[in-house]
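Here the chain labels run A, B, C, D, E and F in written order, and each chain numbers its own residues starting at 1.
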Amino acid sequence: MTEPIVCLNGRMVPASEAHLAIYDAGVVQGATVAEQTRTFRHRPFRLGDHLDRLFRGLGYARIDIGLSREELARISEEVLAHNARLVDADADLGLIQFVTAGEYATYAGLSGRPVRTGPTVCVHTYALPFELWAGKMQTGAHLVTPSVRQVPPQCWPPQLKCRSRMHYYLAEREARLVDPEAYALLLDLDGNVTETNAANFLMVERGAIVSPPAEKTLPGISRATVIELAGRLGIPFVERDVPVSRAVSADEAFLSSTPYCLMPVTRINGMPVGDGMPGSVFRRLLQAWSQKVGLDIERQIVEGARRRQAAGEPAG
Amino acid sequence: MTEPIVCLNGRMVPASEAHLAIYDAGVVQGATVAEQTRTFRHRPFRLGDHLDRLFRGLGYARIDIGLSREELARISEEVLAHNARLVDADADLGLIQFVTAGEYATYAGLSGRPVRTGPTVCVHTYALPFELWAGKMQTGAHLVTPSVRQVPPQCWPPQLKCRSRMHYYLAEREARLVDPEAYALLLDLDGNVTETNAANFLMVERGAIVSPPAEKTLPGISRATVIELAGRLGIPFVERDVPVSRAVSADEAFLSSTPYCLMPVTRINGMPVGDGMPGSVFRRLLQAWSQKVGLDIERQIVEGARRRQAAGEPAG
Amino acid sequence: MTEPIVCLNGRMVPASEAHLAIYDAGVVQGATVAEQTRTFRHRPFRLGDHLDRLFRGLGYARIDIGLSREELARISEEVLAHNARLVDADADLGLIQFVTAGEYATYAGLSGRPVRTGPTVCVHTYALPFELWAGKMQTGAHLVTPSVRQVPPQCWPPQLKCRSRMHYYLAEREARLVDPEAYALLLDLDGNVTETNAANFLMVERGAIVSPPAEKTLPGISRATVIELAGRLGIPFVERDVPVSRAVSADEAFLSSTPYCLMPVTRINGMPVGDGMPGSVFRRLLQAWSQKVGLDIERQIVEGARRRQAAGEPAG
Amino acid sequence: MTEPIVCLNGRMVPASEAHLAIYDAGVVQGATVAEQTRTFRHRPFRLGDHLDRLFRGLGYARIDIGLSREELARISEEVLAHNARLVDADADLGLIQFVTAGEYATYAGLSGRPVRTGPTVCVHTYALPFELWAGKMQTGAHLVTPSVRQVPPQCWPPQLKCRSRMHYYLAEREARLVDPEAYALLLDLDGNVTETNAANFLMVERGAIVSPPAEKTLPGISRATVIELAGRLGIPFVERDVPVSRAVSADEAFLSSTPYCLMPVTRINGMPVGDGMPGSVFRRLLQAWSQKVGLDIERQIVEGARRRQAAGEPAG
Amino acid sequence: MTEPIVCLNGRMVPASEAHLAIYDAGVVQGATVAEQTRTFRHRPFRLGDHLDRLFRGLGYARIDIGLSREELARISEEVLAHNARLVDADADLGLIQFVTAGEYATYAGLSGRPVRTGPTVCVHTYALPFELWAGKMQTGAHLVTPSVRQVPPQCWPPQLKCRSRMHYYLAEREARLVDPEAYALLLDLDGNVTETNAANFLMVERGAIVSPPAEKTLPGISRATVIELAGRLGIPFVERDVPVSRAVSADEAFLSSTPYCLMPVTRINGMPVGDGMPGSVFRRLLQAWSQKVGLDIERQIVEGARRRQAAGEPAG
Amino acid sequence: MTEPIVCLNGRMVPASEAHLAIYDAGVVQGATVAEQTRTFRHRPFRLGDHLDRLFRGLGYARIDIGLSREELARISEEVLAHNARLVDADADLGLIQFVTAGEYATYAGLSGRPVRTGPTVCVHTYALPFELWAGKMQTGAHLVTPSVRQVPPQCWPPQLKCRSRMHYYLAEREARLVDPEAYALLLDLDGNVTETNAANFLMVERGAIVSPPAEKTLPGISRATVIELAGRLGIPFVERDVPVSRAVSADEAFLSSTPYCLMPVTRINGMPVGDGMPGSVFRRLLQAWSQKVGLDIERQIVEGARRRQAAGEPAG
């Protein structure tokens, strides 16, 4: 079989057959808790931490998936083991688990198909789309702060990695009006920086890494890795509200995110950050991370992008 | 064929085969705009108004569905015509259109299946679940205001009927801790009443219907019908911020929503509203509405519930 | 004399004769600053700290009680000395000082009685109502966050222990609708945890005690004791905004309050905290506190409750 | 008997013996709902409206006083009838009802006196202190906006006339630092005008009376009388948020309050309102009110003040 | 003399000699109140209303200019009379009055020049820069909402036309990053539309003109003219909070401002408003205005622009 | 030449001839970035830090002054060198740089004078007005918190030292109504202390210096000096939100500002701070600062004031 497999509600199915009923809570309400891990050399990185966060989110949402953390880890490893064989040795995978609140009987009503009870649980993978990042790793990403704001903690906790992300969709569209290459950097209702739709935002001021407060953003596991590496490198790490004007005046800025680890930010709202080039703290952290995982992260992205584009793989 | 049909991306398929790929934006981000219309005697009620709102929402989200309003109306009528034959003459249908931002190539990457471009467009129906409402129509619904708050207009506009509703899911769960029969009544960040997860909230004070301001809630089409009927009956209709404490002290309260039109509210946060019984303004409006559509709305619900339960149909 | 005494405006009177005129500012406006100390083995605990806080509050309210801190301490000791003889050796007392803004001449107008000028000063005691706490010490208190919010610092400073507590009364009533045994945990206007109506809230995350910021809650003297004990035990103590969703996901939670020192919290909004049992940090702190005061605090409560109930003493 | 009577918990007692136990909820928490009516020629004015508001407040606070509205009216009339005989024919009375949440057994614990269950209900009167208003009726009151802000509706509803008013006490003290004669005009958290500690604020702009929105302030019954009189006089009445800067620039301003009906405002934060003199809309309203009640309100105040001061009655 | 004159502190001086000392409060603090009137056929339009607003602003800022409203009107007419002779008969002028808090002695300290006491008062004119508006009158202006927000009413009242406008400068720069032709549309702290740096924002929804509430924006005199004309044309005019998402979905939008009266808006944040063309309500209002002043406003702008550009006059 | 010189747009001119056109952005919009340095014994103190902050501000405002930091330093030194000769050896100077966005062609339109392009750059000095501070250095400054609030960070960043300060002007006027000698202490929109119009606010609580958080106020260079000196003296320095009620209860308070370095605060809103006398932490810091610069700062102020007053120099 040359197709990836997906574990859907306990069954392994080919990726092309993995789908959700239109009356699934994941489709009807975006009532979905999700997690994403990446591999290095086909081995998952900090899978335990990701599963911990997933189960914490499920606990908060009071969704009982009927699987232990260990069972879900085992399924994840099984899906990974199968699918890793389908990519190059130099490529890597993103591993996704998502859990929805299940199917709604009301909407299913008349269809012949019986309604499944309990949550919908899905584990799947995708090949890391290096070609989306290669350019930005070298010259830096551009961020734009759209008028669309981050959903505040009173609606749902920032640490809940859920899939009700209409505002992310809207924010991205608005940001690209300013700069087609930009990512949206969402502000909270007070005008402070939170995160992009897929990454934590970090910046450097007078030698210290400055982060928005942990209680206001997703407690990123890549961000946790940054804290760990910064500690080892002797770089201070502080949490503080970051008004957008302060971000614009930072000496350096970067993003941390599971799929690409770290990405430099060189422009915010059209203004250069620092000297407009990837900064030295970013460089040191990325190097330390590469050493930790025994793989040159930036090179993998750059060369992987070239390879994938040569092979005519679909963007992403 | 005894199964309802669904129109999915231009094709009519049996309901049991209507599903979304796991990498559809509707599953990945809840980036979905939706609309719901109901029928009276199998004819859709104010379908034009619902389609107007849908297209306004798509415009705001900058999603081009590649269909005109008229084409979508025609498809909707076709789905309705087929599916209405599957329910009793005395029953009615809910008609749903939803549009997601389409499939994400990145996640689809390795699967053999080609990635569809353009948005995902779905039209389907369900039999109105009278049994969920029959009791509440007679003794009144209970509302509870959970700590989970409504997503504010700075994140997405209240008039955008989207499906990123994690907070609704959380709010319902929290409300039921107080009262297993309760619906959640969401407050905005200032502590004012907005709406339930499926209905506009309206109340009566000294003879006038009082509503939260239009710019802060979904501009409900049932609510618009209430305004129209109230005008005809000479009942004033005013918009005003409604702190929860004020709602609790109302003379009367009720919900308006497409599937059941109107439902009395007799208890908020455990306290009786007025004398704890469905109120007279509610009664007059429901009667006027019934006359307008030539069908006793309350009786349909009560008798429909009895019939469905006798037939052993699944709740909902 | 078998009745406790109360010092009211400089005179020692039997408790049954201690009352305020209906036109006293304490009755008319809740314009009262209060303090509460408890005894261990009939000796007051940190009385000096409590008096400091009282005088700071009076200073902020610009009320001059016409007594020095030392005079009030002496009166307090005198009341304690008398009243302690009326309770068991194993029981203990709560000692209360309260000061109102005095009597309002306008309302007193026609009565024959002359209007006293200057503030009303009262010192009294009560027997600690162990029976209210015994169950909760063992299985943990339940907290519920009502829709009623904490009065914000712009109205009066959180460090002012005043008696305008209508919101506490309302919050308690609302919380008990959810769970008759629950205490209300008040949120601030941003949805962050503040305190219950009688205790500071503390929680444990990854081994550290986390507290709402000192400038947003009453600077509890029991909380100060926790900080001191935690320092001695090597447990980190950090201050941070605590959104309710974060409290719900804590590893452990507990309350600190003068009368009972510490009480475990095992349920918030119906969800178990940690494993739903009193936690180990709580246990260590309570043990250290017991050692410090030479009295097993939990045992005193449990046994005291049994004794009081056996004696048919009024609850509380 | 030459002393006024007070009805306290169902018993008529001399005013000098009307007091609350120190462990009454009214003393301990300010958990008190209150109402005030005044007489004209010794007959209560709109007593029914005041009782309606009182019972609505009790309903919100979930306090059951165990008396019907009619019984409380009868008691009030009885107290009035007795006490009115003690004042001049030209004087009038303020009639107060207040209800606290009752006595707390915990604090009462050791006292010999049995603890009363149920709320504390008190009805009493006082002679209107004309001398406090006479000067201001002629030259106008001064208002100052202190840094202390109004308690927001999320804490308790503005329509609940409760006695947790520490912030009013603090606000008055702060205002008098600026101007010893000033009343405090409290702003809400957004900087908009709400009310003084005893009156609604109204102003005149281009011929219309402008009021802060009803849902943000106490729905004053004197304010309702203004609305009624304004309607009769053809003066528009509109509700709108009033930033303090707008109040300062009004053409005219005045207060409405039960005891004195209307009082002109001629200075806000040290700046003259309009030409710094009582305005014509104020004059017309006061005249219409006087006609309605058959008594020259301003003259009663001015002459009553002179008479009371001549008689050496206590201020207030 | 072929140079315009300026009246500066009571003296008529040539425009090229009109300047402020570097220690003037207008330079040091932006502590300046200003007003602008335009002419039609060289006669000022609603000069009285503009002067009223100016004096109200000065009153709020407690600046006494030592001139009566009539004296300032006379000076203004004199400046206009002289300067109007310098422009074409078909052109028109903007007339500006501004008043600063005067010169600061501290900074002037050592200079030989004596420090003037009292405010700085200046009256001057400029030729209306038709060329800046001609294109936009025909195809519509573009608006962009920058991250920079409007200064809230708690800092200074929106009705104070002052010159502390750093945020306008910043907002304009940010908006032009998105679209070099765009004006900045400033949002308030809640994300609602306020105004551009030089115009009121108005939009049309279902046939009615919708405006942000008067108390949150400058009470524009052109906006007042719109209200008057709309009344005459039978077009409803309502005030309501306008979240940016609602503005984007309007049927039509336009700006009102003294120099150009009305200007259509056809794009907000990159999205077309209505059908992306100047709307019919705009057309009707502009036509009515033209009739009122006896001059085709749009034609004057278009032809004036052509004439000025032909003459090589400086842009603006 | 006995007059100070000013460098205006690259030219050295006598102070009496330094002025801005009335259509300069500094006059029209307050679109000005400014900086101020003082001398000790005629040598500038931390000029480099001041220039850094100036250039950071210009960067944020996207104003390119066309000069390097070094060139501006050189000009500043040149102006200082000339002007220092005009004051006593014991006196010192304030050195100001300000940069506006330049001249607006639109307003300049008809004047004969050509419009300068590029920003307006000005460097000037003034003699330190010791007489304004001498009394306050000895008995302490009084602060009052007006209703006017600080412009929030969403409008412009607190670290941008700009000259749009209408609110400072208004705040000062309001504060002086309370106390003619008071400075205004501005609160943010949440009621927390920010700064006065010319100084950072610092207070002492239990031995530690407490400051509002750096991201919410101007990052004062004198404040930075305090941090440095406090570190050397072993006095803790913490940042925290400071509600006004907390400031009032501080043990000690003082201001830091470039011209006078430090000034004790002994009264806030009419209430004494601590014992109402300049505090010991203030004394220690001022002494350390004096040692650092080799000049008794307080004595210079007190004696300088006497000398200037004797010489009949203008106040300020």
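Just so it is clear, contacts are C-beta pairs under 8 Å (C-beta built on N, C-alpha and C of every residue); 3 or more make two chains touch, one makes a residue touch a chain.
The model shown is predicted, which means the values in this text are computed figures rather than measured ones.
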Interface with more contacting C-beta pairs, comparing B-C to A-C: A-C
Of the pairs given as A-B, B-C or D-E, which one copies B-D, with over half of its contacts the same by residue number? D-E
Approximate Å spacing (C-alpha centroids) for the pair chain E, chain F: 32
Interchain centroid distance [CA atoms averaged], chain C/chain F, Å: 45
When the C-alpha atoms of chain D and chain F are each averaged to a single point, how far apart are the two points in Å? 47
Chain F residues touching 2+ other chains are 62, 147, 149, 152, 154, 156, 160, 191
Complex contact set, residues of chain F against chain E: 2-4, 6, 8, 14-16, 18-23, 25-32, 61-62, 83, 86-87, 96, 98, 101, 104-113, 115, 122, 124-127, 129, 132, 147-152, 154-156, 160, 162-170, 173, 189, 313-316
Could you please specify the touching residues of chain F with respect to chain C in the complex? 190-191, 240-243, 245-246, 248-249, 271
Contact residues on chain E for chain A in the complex? 145, 147, 149, 174, 177-178, 187, 191, 244, 269-270
Which part of chain B faces chain E closely enough to touch in the complex? 56, 59-60, 62, 152-154, 156-160, 213-215
